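Both complexes shown next keep chain A, but they swap its partner, so chain B is in the first and chain C is in the second.
Then we have the complex of A and B:
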C-alpha cells in the first residue's frame, strides 16, 4: 500500500532493511502479497505517540518495527542548562503517569553527589508518596489493558481511583499531576495535619474495592482470559537478555526489585514482598501489577503507622553547587528500574544528565515478540509493557 | 366517522410504511440515547444531561450536527462504492421490519415465508460492509471489511440453524403463526423447549449486529473503526443508524421467535389491541442486555470468534435439532 518514497522513508526510520521492503514484489506460493501497514503515531492504542510499521500476512504480524521519537522533548539537553533544583519539574514530565518516582530518581542522584543527610521524616514521606504514585500508575495500567482489549468500563473505574489519589496529592503538593514535590534535601512541605488520616481512610477503602472492581470483574471474565493467557509469552532468559525491568521482568519469574535489592531511602525499614509470576504472559503481568498494588497498600500502612517526627528539609544552603564527580540514583518506578546519572563539573548546572527510563528498554519487546501474533494481540502486549510516550522519548 | 377506512387497502399500507419508517429512523436516536445513558450508569457517570430536559434532546442535537458536517471522502476512494455502502447497509436493516409482527393485526406484510425473508435480507447487510471497507481504500478499513465478511457469513450458519427448531415446533415460516403458536402464558414460549437454540440465536444475533464482544469489523483499539474509519458526517450517521436498526431488529426477531412476540406472560394480562406494549417491553429488555454486555466484556479475537461459531454454536444447534425432532416423534401430545 505504501508508495515508493514512503518505503524509503520507512527504511531510514526503522534503521532496518527487511527482505520484504527491499523487494516489494515478494509473493508466497499462492501469489499473495503481505500487507504493509503503518500504525500510528496518531492511533488510540499506541500509549501516546508510537508508530509501528507492520507487515501483515492476513491477520498475522510478520514484522513489527516500532518507530520512536514523536514525543522527543530534549529532556536531557534542557537539564544541562538549568540549575540543579530547577531540573526537578523537567523530570516530572518524563513519565507523566508516575511522576513522583521520576523526581525521586533525580533527587537521589544529586543527593549522592552532595553526600547530603536527609531527615528521616522526609525519607518516609518520599516513600509514602512514591507508593501512592505506584498505585496511581498501576491501576490505570490495568484499566488501559482492558481498554485495549475492547472493554471500556474498567478504565473509568481505574480513573476514579487515580482521581481520588490525585486529590490527596493536591492537598499535599498543591498540584494534581506535575507535583514538583520531592526537593533536593527533603520534600517541599510537611503533610497537612488531617492528611495522614485521610490517606489511611482512602487506603482502607481501596483495599475493599480492589477485589470486586479489579479482580472479580476482570479475572472472572472468560474473554479476558482467552485474550491474555499465553499472549506475549516471554522466557526468563530472553527477559534478562533484553534488560527488561519492572512488571515485564517480574512476570517471568525473575525476582528483581530495586527497592528490595538496592534499597534506598525509607525502603530499608519496610517489610514487603517482591511479586513475581511464572507465566510471563499478559495475564501474568496483570497479576503482578495487582499484587504490587496490594504490596504498596501494605507499605503505605506501615509508613503511616510509624511516621517519624521532625524536619522535612535538610539544610543544604541556598545555592546547590556539588563538587566535581557523578552520582547515580536508582529507583523502582512503576514501569521498571529508573536510573538517573548526573555528572557535575562544579558549577551550579549539571554537566550531563542521563535518564535511563524503563520504557525505552522494555519497548524492545515489541520487535522481539510481536511477530507471529495476531494483529489484535499487539494491544495486550502493549499493555504488558505499559510504556508511556513521554518516558520512552524523553 | 369510522376509523375502519384506515384498515383498508391503500391507507393501511401507507400508514404501516409510514409507521415503520418513522420507527426505524427514530430507533437510532432512541438507542443512541439509551446506549449513552446505560453506559453512563454502568460507569458511574451521568451521561448526557445538558440538552433539553434530562438530556433527552441530545440525539436531536447530534443528528443536527451530523447533517451540517461536511462529508469527507478519501482522495483515492472508489467514490460510488464509498457512497453507496451506507445505503446498502441501511436499507436491509430497515426492510426486515416490514415482516415483524408488533401486535395482532399490526404487521405490514404477513408473508408466509417471513423467516426466509429475514434470513435473506439480513445477509445483504454484509455486502454493504464489504463495500464500505473496500471503497475507502485504506488498509485499516480493508482489514475491517475482511473481518466483517468472514464474521457475518460464518455466523449466518448458526443463526439459521437455531431458527429451525422453532420452525419445526410451530410448523410455519410465518412470523405471525409462530407468535400465535406461543399463546397462553410464558411457559408456552419457545425459549423453554429451545433454550440452547435461544442462546445460540442470541449470540449469533450479537455477532450479526456487530456488537461487543463481536465488534471485530470495528475493532476500535486496533483498526480504529475498521470499515467505517473513513466516513464522516451523515454517511457515518447512516452506518450508525443501520447498526442500531439491526440491533433492534435482532432483538425484535428474538422476541418474536423465542419470547412469544406480543403474547403477554400471563393470560389475564392480555391487553387486546395494545399488546404491542408487551412486544415493546420485551424488545427493550433485550436491547438493554445487548448494551449491558457491550459495556462489560472485552472483544474476542478473530480466530476465537471463528472457533466459537463453528466449533461450539453449530454443533449445539445440530444436536438440539435432533433432540427436538426426537421429542416431537416420541411425545406428539406435548409438542
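Then we have the complex of A and C:
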C-alpha cells in the first residue's frame, strides 16, 4: 500500500508523477507554442490499444510519451494462481499473432525446472510449428505496415497466407488462434498423416507467391520508398543500448538471434542464416522480415525432410511439481527475444512467472526515436517495431 | 557506428567474466554453471557490478529484471546477455516493506521500463530513476501493487481443490 509519505518520496525520487497532458504553456520569441495532443487509445491505425501523448511543434513531434495498460490483464498474477499446465493457455493470449512461440518459452522454462527429456519428434514438431508461427506473424506485419501507409492490397494477400496457415494449424491443433498445442513434456498430438504433405505443398506455393505478392508489389514502389527510407533511422549502438531484439535490432546490422546464439530444442540441428541489414530504418526492417520468412521456409523444408519417428510426449506424470528453484526459457519470437522466468517453491502452482515480452522492451524506442519525425511518420515507426497489444500490456 | 560483440571460445569467456567480477568486487557466492555466470550481490554494490559487466567485460544486453516477493524481502534477478551465448545472472535481495534500490538506468538505459514495471507491480522505489511512474496500472487513485503476495485474489486453483 502506498502511503502519503511514500508518494512524496516517490515524487522526489522521480520528478514526474502522472501521464496526463502537461500543457506547458511555453511560448517562444514569436509567440508560438507547442501543442499537446493525445493519439489513441482508440486509433484506426494503432496496433491495438495504445495512447501516445505527443507534443507537437507544427507537424514535428517534440515529445512522445506512450501510455500503456489498456489491455493489461495481469497474466503474471493469473499464472501464479494456476497449476503449471494450466498456465499454457494464458501464455497463448500474450502475443496473439505468434502464440506458438509464447507457449514454447513457458514450456521450456518449466522443463528446465523439471530437468525433463523431450522426445526428438516432439522437439522437431515444436520447431516446425514455431517456424510456421513466424511466417504467420511476419507476413501480416508487412501487410499492416503497408496498410498504414495507405496500400490496401498487401494486407489482403497477407491475410490469405495467414488464413491458409491457420487452416493447417486447425488440422494439427484443433484451434485457429489459441492453440494450446505445446505441452509440458512434448506436444498435444502427433501430426495427422496427410499434414506433412499438405505443409510441403503449401510451403512450395508460398515460395512462388512471395516474389510477386510481397516483393514485386512493394519493394520498388515510389510511395513506399518515400515513406519508409530513412524513417526511424537507428544506429547499432542505440539499438543495443535500448535493449532491442528481433527485426528492429537486426535491421541495424547487429547479428543476434536467440535460435542461433542461445539454441534451444531442434534448432541445433537446423541450418539457417541470421538475416541482417545495414540501414536500420523502416524499409530495412521490411527486408529483414521478408528474409526471415524465406529462412523459415528453408527450415520447415529441412524439418519435414528429416522428421524423426517416435513418441511426441514424455511421461512426466499427471501432477507436475518441480523442485524449488528457477527456470528461464528463452525463445526467438517473431518480434524478438521472449523469455519466461518461472520461480518454483515446490508446490503445484508457480511461485512467480515473469514474461519478458519483446514488444514492451522494443516500444521504449518510441520515446527515443519519434521526436524529430513528422506526425505521419509515427505509423511506419510502429510498423518497424511491430508491437502487439496483448504482448506489451501482458 | 558498429557495436563490437565478444568473440571466441564460450567457456574461456565465461571464466574471464567470473575472474573480472571476483577481482573487482570479491564476490564469494559466484560460479559458472553451464553457460551462466551466477552472482549473488548485496544491493549496495549492484550498480557497480553491473557497470563492471557493461563497461569492462562487454556484456551489452540487459534481458529483464524479475522481482520475486518473498514476503519479508524482495529478490531481484538481473539477467544479462553478451549476445554470443554467455549469460550473467545477478541476484540481490532487498529487505523491508517499502524497499529502495539504486536504479541502473544510467548503465543500461533499457532498464527504464523494466524498473517502472517493478515499481508498478511491487512498489520498489528505484533511486535515481529519471521517470518513475506506473507502467500498467492507473496513475492515481490506485494504491495497490498487484503482484505482491499480500494482494489476494479469490480463485487459487491447486491440485487438491480440483475435486
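The definition used in the following text is that the second predicted complex is superposed on the first by the 371 of 394 C-alpha atoms of A that agree within 3 Å, B and C clash if a C-alpha of one lies under 4 Å from a C-alpha of the other, contacts with A are read in each partner's own complex, and residues count from 1 in each chain.
Note that a contact is a pair of C-beta atoms (placed from the backbone, for glycine too) under 8 Å apart; a residue touches a chain by one contact, two chains touch by 3 or more.
Not measured: the values here are computed from a predicted model.
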Exercise for the section: In the overlay, answer first, second, both or neither for which of chain B and chain C A:234 touches. Expected result: neither
Practice task
Look at A:86 in the shared chain and tell me whether it touches chain B only, chain C only, both, or neither; answer first, second, both or neither.
Solution key: second
Exercise for the section: Decide which partner touches more residues of chain A, taking chain B and chain C as the two options. Expected result: C
Handout entry: Partner chain in contact with A:334 - chain B first, chain C second, else both or neither
Key = neither
Practice task
Examine A:253 and indicate which partner it touches, taking first as chain B and second as chain C; both and neither are also allowed.
Solution key: second
Practice task
Return first, second, both or neither, reflecting whether A:72 touches chain B, chain C, both chains, or no partner chain.
Solution key: second
Exercise for the section: Classify the contacts of A:360 with the two partner chains as first (chain B alone), second (chain C alone), both, or neither. Expected result: second
Handout entry: Contacts of A:46 with chain B and chain C, given as first, second, both or neither
Key = neither
Problem - Touching both chain C and chain B, counted on chain A across the two superposed complexes - result: 1
Exercise for the section: Using the touch rule from the top, collect the residues of chain A that touch chain B in their complex. Expected result: 1, 35-37, 43-45, 56, 59, 146-153, 156-157, 160, 217, 221, 223-224, 226-227, 374-379
Exercise for the section: Report the residues of chain A in contact with chain C in the complex, numbered from low to high. Expected result: 1-2, 6, 9-10, 13-20, 68-69, 72, 74, 76-77, 80-83, 86, 235-237, 240-243, 245, 253-256, 261-262, 319, 326, 328, 330, 337, 339, 341, 343, 347-349, 351-352, 354, 356, 360-361, 363-364, 393-394
Handout entry: chain B - residues contacting chain A, complex
Key = 39, 42-45, 139-140, 142-143, 147, 212-213, 215-216, 219-224, 295-304
Practice task
Can you check the complex and tell me which residues of chain C touch chain A?
Solution key: 1-3, 5, 35, 60-64, 66-69, 77, 79, 81, 83-85, 87, 98, 108-110, 112-114, 117, 119, 121, 123, 125-140, 143-147, 151, 153, 155-159
